[in-house]
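After this come two complexes, each holding chain A, first together with chain B and then together with chain C.
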Partner chain A sequence: MSLNEILLNIIFYALALTGLFSSFMVATSTNMVRTAFSLLGVLFSFAGLYGLLRADFLFAAQILVYVGGILVLIIFAIMLTHKIANVNLSNESTSSSTVIAVVCILFAVLVFIALTLPEYIKINQRNKPLTEMIGNNLLSDSLLPFEILSVLLLACLIGAVYLARKEVKE
Partner chain B sequence: MLLDFGVLLLYIVIACGFLTAALVAGRIIRPNKPYKDKLTTYECGEDTIGTSFIQFNVRFYVIALIFLIFEVEIVLLFPWAVVYKNVGLIALIEMGVFILILLAGFAYVWSQKDLEWVKSEIETEKEHGTNL
Partner chain C sequence: MLWFTKYPVENLLILSSAVFCFGIYTIVTRKNAVSILMGVELVLNSVNLNFITFSQFVDNAGISGNMVAIFVIVLAAAEASVALAIILGIYQNFGRVDVDKLTSLRN
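Moving on to the complex of A and B:
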């Protein structure tokens, strides 16, 4: 193993362990605010893993949209909760037998995918940024889905604002 | 390309290192003499009341939602901007349509006064009276 590979392995395991630890915190913490902030670690380590797979666009989108947008939204949602002072009681764990069953099934699915589809998870070997390829694709083959996406976003915007607007009158 | 990510990682590591070094050095050097008044939360010289967990105005959430939608739009602008020069006019038209459709949503939100921070209660009642 060359020095390069050793370094990459170290970075991979550091990111994977950070992700695992943060996910564990998300699952076990009973404080909603701490859960939300642990999610930050999960999302960041996943962004790092995307970077390691040389998926540059996914890396940027993960940080911009998930960390910068969705996480802020989740934290706002927690802060909007009525009895925010009693956060300790708001996130009770489900029974461990259910959790173990679900985790086992998910793990089996993941192992199955990893073993049967080695070609599926292919690292970007061309060593070239993928953003350009995605851009070309958006302007040729995926032109219609791209435009439909804007309609979907429009529907999301109007629907979300309509639902969120129903504020309680004092 | 992986090297670019390496540079980014190095930047993050050095930034975190500087922060840690400064905090650790501060902890080692500074004298440690705490007393009750010194340990109170600093709030611009005012005495603090209650906990820091307070309920936020729902308006923050609406603004964050709108922000998120347009952030997705901005993320999709990046791959378009990279190839714009090679594709030319079609790219411009396509993105024009894309932005125009979302602009309709922006106009709707604006006309419904969801972007206005200070909304009088009478106005709220008048507009959404049936919904409440």
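Moving on to the complex of A and C:
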């Protein structure tokens, strides 16, 4: 292995272990706030993986939308749905051996599928930057989904404000 | 050994399936609604990683995998905002967000 490959391996396995450990914490931790910050670890390690795969636009979008938007929303929700004075931010879970067995079977099936990729898939990593192609594609091939998505976002905005407002008692 | 530089797709697929299984486990076992939402985010992220892996590594795949991943991110943002608004509404009405205790529709 050349030095370049060794470095790539080290970066990949560091990111992968961070993601795995953080998602394990999300699944099992009993403290709500700790769960949210483990989710932060998962999102950052996935952003790093996108960078490693040279998906430059997705790398930026992951950090901007997921870390900057969704995670902050989730932490807001945790803070708003627990009384601030009540320090006990417990996070109950009903673990049973059935669930663990089913999830393990699911994982085994997925790993089996991943290890038996069909032969006709040629593996060859893309080297070109993607942002220009994505911009062109958004305004030509996927213009209709893009516009529908903007309408959907507007509807979501209105719906979220309507749902979350305080009801006026008369 | 299954090194990443030799078998990149297999490594990424195994990682994403592990995160997917953790997400499913979170969705099934948690009682708090916000935690269930976090499980959904884990599942969406692992699926995104699959799309981007295939889009970047398979020859002649174009960039449709990247486009799908972008749309998934936007839909996840919309879904999170509406779900959190619903959770806040439930909290105002019932004072709790444990999904196994919410057995009535209104008070």
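What we mean here is this: the second predicted complex is superposed on the first by the 135 of 170 C-alpha atoms of A that agree within 3 Å, B and C clash if a C-alpha of one lies under 4 Å from a C-alpha of the other, contacts with A are read in each partner's own complex, and residues count from 1 in each chain.
Here is the rule we use: a contact is a pair of C-beta atoms (placed from the backbone, for glycine too) under 8 Å apart; a residue touches a chain by one contact, two chains touch by 3 or more.
Note that the structure is predicted; figures quoted are calculated from it, not measured.
Greater residue coverage of chain A by touch, when chain B is weighed against chain C, goes to C.
In the superposition on chain A, contact of A:N31 is made with neither chain B nor chain C. When the shared chain is aligned, chain B and chain C each come close enough to touch A:C156.
Of the two partner chains placed around the shared chain by superposition, chain B is the only one that A:G68 touches, whereas chain C remains out of contact. Look at A:T18: by the touch rule set out above, it reaches neither chain B nor chain C. By the touch criterion defined above, A:E132 reaches chain B but does not reach chain C.
In the superposition on chain A, contact of A:A164 is made with both chain B and chain C. In the superposition on chain A, A:S142 contacts chain C only, with no contact to chain B. Looking at the shared chain after the overlay, A:M79 reaches chain B, while chain C stays out of its contact range.
Chain A residues 54, 57, 61, 65, 69-70, 73, 76-77, 80-81, 124, 134, 138, 149, 153, 156-157, 160-161, 164, 166-167 lie at the interface with chain B in one structure and with chain C in the other.
Chain A meets chain C in the complex at residues 1, 5, 8-9, 12-13, 16, 19-20, 23-24, 26-27, 32, 35-36, 39, 42-43, 46, 49-50, 53-55, 57-58, 61-62, 65-66, 69-70, 73-74, 76-78, 80-81, 91-96, 99-100, 103-104, 106-107, 110-111, 113-115, 117, 121-126, 130, 133-134, 137-138, 142, 145, 149, 152-153, 156-157, 159-161, 163-164, 166-167. Of all residues in chain A, those touching chain B in their complex are 11, 33, 48, 51-52, 54, 56-57, 59-61, 64-65, 68-70, 72-73, 76-77, 79-82, 84-85, 87, 124, 127-129, 131-132, 134-136, 138-139, 143, 146-147, 149-151, 153-154, 156-158, 160-161, 164-170. Of all residues in chain B, only 1-2, 4-5, 8-9, 51, 53-56, 58-62, 64-69, 71-76, 78-84, 86-87, 90-91, 94, 97-99, 101-102, 104-106, 108-109, 112, 114, 121, 124-125, 128, 131-132 touch chain A in the complex they form.
Within the complex formed with chain A, the residues of chain C that make contact are 3-5, 8-15, 17-26, 28-32, 34-35, 37-39, 41-42, 45, 48-49, 52-53, 55-59, 63, 66-67, 69-71, 73-78, 80-82, 84-89, 91-92, 97-98, 100.
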